[in-house]
Each structure stands twice: as structure tokens, then as C-alpha cells.
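Here the structure is laid out as C-alpha cells; the discussion comes afterwards.
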Amino acid sequence: MVNVGIAGASGYTGVELLRLLLRHPEVQLTVLTSETYQGRTVSEVFPSLSGLVDAPFVPLESEALDRCDVLFLALPHTTAMRQVPRFLKAGRRVIDLSADYRLNDPAAYEQWYRFRHEHPELLKEAVYGLPELHRDRIREAKLVANPGCYPTSIVLALAPLLSTDWGDADSIIADCKSGVSGAGRKTALPTQFAECNESVSAYGLTTHRHTPEIEQEVSALAGRDVRLSFSPHLMPMTRGMLSTIYVNLQKEVPPDTLAEHYRAHYQNERFVRVLPPGASANTHFVKYSNYCDLGLAIDPRTRRVILTSAIDNLVKGASGQAVQNMNLMLGLDEATALEAPGLFP
Amino acid sequence: MVNVGIAGASGYTGVELLRLLLRHPEVQLTVLTSETYQGRTVSEVFPSLSGLVDAPFVPLESEALDRCDVLFLALPHTTAMRQVPRFLKAGRRVIDLSADYRLNDPAAYEQWYRFRHEHPELLKEAVYGLPELHRDRIREAKLVANPGCYPTSIVLALAPLLSTDWGDADSIIADCKSGVSGAGRKTALPTQFAECNESVSAYGLTTHRHTPEIEQEVSALAGRDVRLSFSPHLMPMTRGMLSTIYVNLQKEVPPDTLAEHYRAHYQNERFVRVLPPGASANTHFVKYSNYCDLGLAIDPRTRRVILTSAIDNLVKGASGQAVQNMNLMLGLDEATALEAPGLFP
Amino acid sequence: MVNVGIAGASGYTGVELLRLLLRHPEVQLTVLTSETYQGRTVSEVFPSLSGLVDAPFVPLESEALDRCDVLFLALPHTTAMRQVPRFLKAGRRVIDLSADYRLNDPAAYEQWYRFRHEHPELLKEAVYGLPELHRDRIREAKLVANPGCYPTSIVLALAPLLSTDWGDADSIIADCKSGVSGAGRKTALPTQFAECNESVSAYGLTTHRHTPEIEQEVSALAGRDVRLSFSPHLMPMTRGMLSTIYVNLQKEVPPDTLAEHYRAHYQNERFVRVLPPGASANTHFVKYSNYCDLGLAIDPRTRRVILTSAIDNLVKGASGQAVQNMNLMLGLDEATALEAPGLFP
Amino acid sequence: MVNVGIAGASGYTGVELLRLLLRHPEVQLTVLTSETYQGRTVSEVFPSLSGLVDAPFVPLESEALDRCDVLFLALPHTTAMRQVPRFLKAGRRVIDLSADYRLNDPAAYEQWYRFRHEHPELLKEAVYGLPELHRDRIREAKLVANPGCYPTSIVLALAPLLSTDWGDADSIIADCKSGVSGAGRKTALPTQFAECNESVSAYGLTTHRHTPEIEQEVSALAGRDVRLSFSPHLMPMTRGMLSTIYVNLQKEVPPDTLAEHYRAHYQNERFVRVLPPGASANTHFVKYSNYCDLGLAIDPRTRRVILTSAIDNLVKGASGQAVQNMNLMLGLDEATALEAPGLFP
């Protein structure tokens, strides 16, 4: 059994890690931290887990944390940045769900997060935890930077296309729709029920912090620097993320060719499903699961590819992917504890 | 491995059986029927299950169905009534999710369902599938009548109280709130999104067909004929059911005594959780799980007990309970394939 | 034109007063206060009103407030308590939407609000602002205590019944379902979208502060002290309130007789609609309107009346009723600015 | 008073016309047709209007319809096509909410609707009812083709930009999000609550029938044939539509210049509001109103304009705009009966 600790276990990604890891046959949940709820038990804070886990939340400085084999950090950014060295020094393996170690370039971090990175040397060591792109490096990593939800949905949709010369990478536009849980478990006016229910709006247009992370991965896939438009929107639902992605075609591609290419590209992937021709991705079919569903459409009139990509923002977009990364790091079957289908309805 | 068939697998209780049984280690899903979708595959109809099950839907008359060891009937009432003898004759074990075999008394069936029961002799053989009340009989049963969602939530809440003389059984009022999935997967105007979203209403006041089933079980617990008020309401959410139940106290009962009695009553039950003092049940914490959460309150001013009981209408209120019954019938651990916690958020 | 001020105009009842009064032909909105948003304009805070009102929010101490003819107080309780004398002294007429002046008995206030009333002498002067019960006194009042949303829906449903000896007032149980906007426009964890969406729960069982207000009015109608059970529930919707009310019958009452009695009782009321036999009230049909819809059912099996009462919690349950009260106080047509139908869908 | 008839008054656009026209000071609602509900009264079908209108629904062939001064057709397409000549022949003025007379080119109609237009000669006479573009022609029109909801939101957002040479019309991409009421009041599986709640998906990618209508108006504005990408999505909310529109810039445009241009363009429009710099449009602030809110953003990194445009799909996107058109046709103040602000929350 592997001893696992979760730092910041009382947020939405934290409780999602809890529910996934509780049923992981190789994992023992040893330490759970929460500054807000320290001293209280998990089942008090999350009655959904009552009877399943009785551990109390402890503070982040708890030394027991340092003795865990694997650490998940579900902490605010900058806090995660400062905690990572502590665990690496202790020889532990770390999966950081924050954004702090996702960017290779400390200048990009400073530009978008308006904060100078305090451990730029570790950025080289960190592996971007998108298994479908970096599986081998994740297996060996000490520090995995777990991707954001938007980047996961966008990059998985684009990867097969960017392995061809069919699309114009400079034309990429990603219009993304996210459930409210993506904003985390903190009180804020815009995420109060009566504010965001029966409401659809864009936010962070042209300035959202997931942009450099998306561009880093897309650039690597394209083999050159790419800038793209990324527009997040808030949807009146708890979970789910749909990215609709537009790319201009540079040459004629028959729909069947596109579909075959996508299916071939992902044929060995357990968690990416290429939908049948004509089908668009729907968040409803991936809810609470680790799947990413991809829909393909070509508009011959405007010579554009329109990709739709659906994930559960808290599973493949966060905690499920983190568990997938842990499985890889531990040499386990990648899908352990992640086999559940999407829950419909 | 047990060969299992589901008749009527393309409704909401059907797909819920599918997703639960897919991960059941002792079960092989052999035959799935659907009149609407016969010839199409499961993953076409439910993309959430894509990659997990490839079977096609077949018609109800398919002979393969008769060769299954266990049959789940997720059929409309009267259809189920007529199918049950077919499978019993073939020596199969049947779990009927319809209402057709829940009432012991064929006259009550005729009164509430306005249809003469065609197999009244089988009503004696059928066991009402509420494991917390009838576990031993379920183990031996050939035919289990799986309870309705409202009765499950109400009867589990009342059972401990009715084992005492504290409450007045003639004063029972159950005010129940159900998610829309309880109406099934058929198109109807009242369950169209724009009709029931942002809307709360009562329906079937004084006439809902779950009434005789609730009264049958409550009467058995009380040891005498009981009539009660049962008022279902439609809530703008997909899943979940909350019953708020009022009972006049006949004697003074300290809250702690009530709580201890409930905890003792359910101490060996895996799927009933008695909440801590002061807590009310919330459907959010049992979503997608087989749990029933019970909250206890006493109002000393009006000398009433107010019970709150939360289940997922499609799990403990239907398909989860059906799997629990199957586990009992097969001598398996009762919780097999049902261990998942409530999914929050 | 009447000069009107709103103290606390940036909450949900405040913005609802704004949108109603903006179209009131006899009203000029002169002063709007908000501590949170002082210095900012209405259209910055509520883009829905952009282009319709340009006034800035000012602080509560603003002297301009004292010069308004009529004041609406949409302030937290205790704050309202302390502001009322200021305006009465200045000879202004006050409609207080808080709970501070609703209870005749200062001891009841202290018991339920855990705060000693600082102006108990004004409680005698205050008129409980339910026009259907106290229209004549409202017309003359200097201080109207605008009712709570739960009491409005419950008392309007019970008033006709309590004018007879048909029901047993000691048996009254009100099971109430409210939209989330009832909790006001402040950030709190339980009203965050991801917490209360897809969730139904009871709250404040046996202890909700609207209880004494309901009992005060019901007791007055019954002609004796009445205690009743009142159970509020939170619904995953923004607006609307449904109360389902149970009363034991003391004598046999034919449904038609009940219906005729209700229709006769409310025949001259503009905002109470008695639904046709068999119909239950539905919040969907009163959304954004000042109507209260009443549904009547009798259960002959249990000898109970089951009333359903639907209002919009922010209109008839708060700001609409406040405007109705103002119209009465000013000798205007009671329905001025309140004629809009329920907005469906 | 103008006698008005509504053909197809029992759908969502029908009932929305009803509630708007009920309060129109110059209109008398004379005839309401519904095939589904003929013989039943409005208040039976729409309890929200109970006490406000008592008329019965009559069949479409009712001769009284021919005697109305103005007719709103809220009928399915092809049905509307065949009814229009009947009323024009009788000398009536017609506002057709279907798509049948929106396209100038009968070939485009046949291509997208897969139906040969039976009255192509009337297409020349019909005026596309977007007042902000065609106000003068609407005033004189006998037949107004009321625009679709998507085209309204998109064309209003693009019009100011297309009056300059700043953007590349060939690069236009409109990613649109619609509430479920846009699908109308008919039962269908995809719009059942449990199917589309907690779900976001694209539909009709590359094939939606509003495409030619958008391109017709955009081409006219651009002064040349334009093809664009239009991607509709279904959102889990009842009302509201947000279009996010991407256009490549051909020259550098400072954000302030863009904002000033938009404000100047729409300075005399009552129902178009250009939001302050930095603000994105939010459907929440236009719900139940006739407003179109426009948000402007420029992404200097990718040299794109990103426009956000929010309307209520049933008001400015259908029935409100139809009333606006009627006001123009009758020489009334354009905003009569349409002054209500967005209803928040």
C-alpha cells in the first residue's frame, strides 16, 4: 500500500481526490490537510463521505505529511509553489494540482500570474501531467504539474490535428464553457446561486491564466510558437466543460480521413473517446468520469474544422487526471480507480 | 458468473442498472431489451457507456432472456405483470422494478391502479424488496418486488419510530420532494426543461399510486391499519428525493433518546446513515449512491417528530436497491457494486 | 409625484423595489442607499437597469433620505430597528421589509431573534403589512412592517379556512419550499451554486424566525393562541416559494364547499387567485408577479385539507407587497406598478 | 385600438406575445388560435395569465382571424408560408415569426429548409424585421419577417464593425449559447429536463438553418458575399442567448476607438446597450427584456475582436422584437409595451 497525503483536501478538487482514492486498492489515505476545517472530521465537512472515512483534517504544517509516499497538492497557487520543495527534499513524489509548475518559462509565469516564481529551477524538473502527451516522462517524474481543466480539454482535442499539416495553427480559437465548480469551493458573489443560475456569460476574455499553458502545449505539438484565442464562459451547471475549437483548414480533408486519423491517434488511450461521425461532444456523458469525448465536424463552406471536447472539469480536468498520473508514477494500471463510466442522467 | 438480463434497459432505471452491474464482479450482462431502441447498441443510445458495453438492444420477446439466471424488469406496469410468470416458469429469479407485485392485496392494486391484477396468486410469493425490513425473505425469494422511491425514503425513516409507542401512527404526514428523473425517460410536457425548471409544484395530491405501498409497509410495522397523507412534489433537479415526515408524539421523548434509538436500530445497516443531532438530510450528499440519510428533529413546542430522509431516487430508490436485492438473492456481499459514496458536488 | 427613498437598495429586495418603482407613475426615486456600493451607480451594480436609472448609491446616513416622503427599508434586522425612529420623527412614512416591527410582542422578538427590542413602544404603532388582512389599518399607518415571504404564503392560504370551524388549528403543518434568492444577496457557502444546485434540504427546522410571525397572524385569525409546525426547505431555483399546508378536518367538508368559500373570501382581491378544483399551485405561474395562487385539496381518506400556496418570494413575498402597501398608504390604486402577470416560461 | 390576432398562441413565442400585448395600451387581443388547445381558455393553458385574459383558443381557420388589423404568426414553418397570402389578400398586416419569409433568395430557402418555397414572389415584399437595420422599410411593410434569435444577437453585434474596414468578414465565427425555451413548447427527448439539465452541448454544427439568414444580413452590411461559421449550443437554462463572436482585425484598432464607434452607432437605439470597457455581456441582465447588451474586447496578442451579445431569446429574439415591429408599422412609439428592464435575479 502506498501512503498518500492530500494537502488542501477540503476544496472541490480535494474532496474529488478523496472519493476517487477511497476506492483505490493500492492507496492508503494517510494525511488530509485543511486550514479552514482543521480539527474537524471529513464526514462532518463532507457528509457524502460519512461512514467511509473518519480522519480529521490537520494543518498543512503537519509533519505526518512529509512521511507520505505521494502527495497531492490541491492548494492555492503560490502556496503550492512554496510547499513543493519541502516534499521533494524529503524524497517524496508530488502531484501539484495548482498552476505553479505548469509553465516551463518563469517569465511567462510572472507575466500571467503577476508573481515572480520563487523556484524557477524546479520548473525544468516538473513534468506537465497530461498522460496522453507525456506518459513516459510522467512515469519517471518526481514532480508532476497537473494540467488545468481548460488546457486538458483543448489540448486533447488539438493534438491529433497538430500532428498533421491540415490546419492553420495561427487560426485556433477555443470557445470554452465550464460548470461553476471550476471556480472552487470559496464564497464569491459571481458564483452565488442566484447570480449565476439562469445566466451565461464570458469571463476573463483575453486574460485568462490558462492561456500560456495552452499555448505552451500547443506550440510544442505544432513545432513552433503559437498564439491562440481562448474564451472561457460560465455555465449554470455544477460540473462539466465543453470546448468548441475552430481551426482553419489549409487543405481539403475528407471527414472520414479526419475521423480515421483521430481514432488511430487515440486508439490505445483509455480515456479519450472519438465520437462517431456527426456526433458532438456533450458534457452529460462524461459527468463524474475520467473520459474526454471528442466530436469532429468539418464545415466545407468555410473550410474550418470544428472540434468539440467534453470533460468533467473536476475529474479529467483535475483530480481524476491527478490519480491517473499517480498510477503512472507508481507503475500501476493507469485506469485504477478511474473506471467509472459517465453518470447519466 | 451470473448471467443477468435487463428487460427495459433503455429507461433511466435501466441505464442505472447497466452502469452499476457493469462493474459488478460476479455478473455478466447477457441480454438487454428495449422496444424503442432494438437493433441499436447501448453506446449509441447512451454515449456515457461507450467503450464499456457494446451489446445491442433486443426485443422483449427475445428467447435469450429466458436463459438468464437473474432478470431485472424495468418495464411499465401491466407489462411487467405479464412477463413475470414467463420467467418464474423458466425457473429464473426475478427482480421487478415496476409496481405490479408490490401490494399483497389484489383489491388494493385494482383500486389504485384501476386495473385488475392478472396474477393475484403470485402476489403471495412476491417479497417486498426493502432489505432493511425483509432481508431474510429476499434471500429466498424467486420474485422480488422492488419498492418505489417514495416508499423507500418514507418507510426507512419511519421504521425505527414505529417499533416504539412514541408516535401516533394516525398522524403521519409525508411531504416528499423528487427530482425529475423519477418521471422516467419518456417525453411529456410537464417534464420538459422549460416547464419544470425554476418551478416547484405538488402533483398527484391524495391520489399518488405509491400511497397503498407505503401504507402496507407502515401498517405492518405499526401492527395495525394505518392511513397517512403522502404529498409528492416535483423539484427542478435531475436526481434526489427528500421526504419530510411529521408524526405527533404521544409521549415526551428526549432528542438524545430518539437519536440513540435510531442509531441502534440501523447500526448494522450499510446503507442507512443516521445523521448527527441537528443535521437535516440533504439530497446532495447521497446523489449517485445507495445511501439513505436520516435526519431527526423534535419540536417540543408542537410535540412533533420531524424526520428528513434523503435518497437518490434512481439508486436506493430503484436500481441500486434492485442490485442490493440481487446480491442478497445470490448470497453475495450485499454491498457489492454499491460501495460508491455520494458524489458531491 | 411622491419622493421615495430606499435604504439598502443593493440587495435582492432592493433591486426588486427599484425595478417595480421605476415604472410607477406616481413615484420619483430620489435616494438609494448602499453601504457596500456607495459611490457607484445603480447601473454599474445592476447592469439590468442600465439606461433606466443613473443615480449613485449613497450611505445610509445621507440626509437626503430624511426628506423622502416614503421610505422603504431593505436593511438587515436591528439596523432597521434603529433607523425607523429617525424617519418617523421626521414625519415620514416607513415600510420596513425587515422583521423588526412585525411582532406585536417584544418578548417574542427577544425569544426568537435573541436580541432585546430597542423600541418596543413602536411595535404598537406598526401595522403588519398584509393588505388582504389589514388593508384599512395599512392605509392609515405611519409604519408598516412588511411581512416575511413564508408568512405571506402561509397566512393567505389559511385565512379563509380559519374563518370557519372546519379545521383544527392545532394540527397545522406548513412544509415550505423556497428559491435561493430568499437568502439575500450576500456570499455564503450554503448558497454557492455548486453547493445548493441539484440539492434539496430542510433548514432551520423548529427554529426558523418566521415562526412567531406566522403564529401571531394565525392566532389572530383563529381567535386563540395557535402553535404550528413550520419547516422551510431550500430549492435549487432562484425565485419562487411553495407552501404545502396540512390541516385536520373537524367536520366533513365537500370539496366544492371549500372551493366556493375560498373564492368568495378572495373575490375582491386582485392578487390572490383561487385555482380551479384539482389544480395545485405552481411557482412557475407566479414568477416575477405579485400574485398568490392557492390550490385546494381534501383527502377524504385521512380527513385532511391540503393547501398549496405559491408566490414569488421577492414580489408578493417582499418588494411587490411593499409597493402594494405604499399604494394603500398613498391612496392610490393598490395594483399600480404591480399588474404584470407571472412570467412563463 | 388595433385589433390583433395571434395565430399559434399556445407556444412559447405565443404566450410571450400574449403577456406583452396584454399591457399594450393601443392593442386589443381579438383572436388567439391553437390547434392543440382549441376550445380551452388561455388561463387553463397558461395559469400565469389567469384573471388577465379569458379568451378561448380557436382553430387557425377561424374567420375572425381574417378581420384582425395585425396578425402575428407564431406557426411552424411551411404552415406560416401558406397562411401569409390569406392575410395579405385580406389587406391585413402580418408579422411572421417563422423563418418562411426571411430569406430573399428562394433557392437558399430550398437549400437549407429542404422545401421549395410556394410563394417566392412574396419574398421580395417581405421586410426583414430587425428595426436597428431596416426601420424605415418596416414602417411601410405589409409583411414583416421577424428575425430568428441567433441572427438577431449576431447581426446586432456585427453591424457597427461591418460599417468599418477594421475586421475581416471572412474570418467571422459566431459561437452561440441558447436557453432551452428556444426549442419551443413541444415535447422532445433532448429537451426533457433530465436530458439537458447539467449538460452543455453543440447541435446542428455547420447545418443550422439560421445560417443563411445571418449570412444574408451580414453580406448586406459588408457589401459582399460573406460566409461565416455559426455554432449553436444548448445551455441548461430556460431563457437567454449569448453569442460570442470572433473577427480577425485587418488593422490596429485601439479599444477606445472601437467602443466609441459602437456607442455612436447605437446612440439612438432604445434597445441596444453598449457595455462599458472590460465588461462582457451576460444573459442574466437582459432576461425578460427587449434589450441587447453588447460587450467589446480586443485581443492584441491574436489581433482579434471578441464581441459578446446577450438577448432574451423569447423577447428581443422573438416576441418582443415582433411587438417592436408592430409598433413601427402602426406609427407608435417603438418601445410601447417593451419598457421593462431585465429581471435580475
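Miscellaneous remarks
So that you can tell them apart, the chains are marked A, B, C and D in the order they are listed, and the count of residues begins at 1 in each.
Operating definition for what follows: a residue touches a chain if its C-beta (ideal position, glycine included) is under 8 Å from a C-beta of that chain, and two chains touch if they have at least 3 such contacts.
All figures in this text were calculated on a predicted structure; none of them were measured in a lab.
The chains in contact with chain C as well as with chain D are A, B.
Looking at A-D alongside A-C, one finds more C-beta pairs in contact between the chains of A-D.
Distance from the chain A centre to the chain B centre is 36 Å, each centre being the mean of its Cα atoms.
Put simply, the C-alpha centre of chain A and that of chain D have 38 angstrom between them. Centre-to-centre, using mean CA coordinates, chain A is 45 Å away from chain C. In chain B, the positions touching at least two other chains are 12, 179, 181, 185, 194, 196-198, 236-239, 282, 284, 287, 345.
Only residues 12, 15, 19, 22-23, 44, 46-52, 181, 185, 198, 238-239, 273, 275-276, 279, 282, 284-289, 293, 339-345 of chain B touch chain A when the two sit together in their complex. Of all residues in chain D, those touching chain B in their complex are 12, 179-181, 183, 185, 187-189, 191-194, 196-198, 236-238. Chain A makes touch with chain D in their complex at residues 173, 175, 177, 179, 194-203, 205-206, 227-229, 231, 233, 235-240, 242, 244, 246, 280-284, 287, 295, 297-302, 304, 306, 308, 310, 345.
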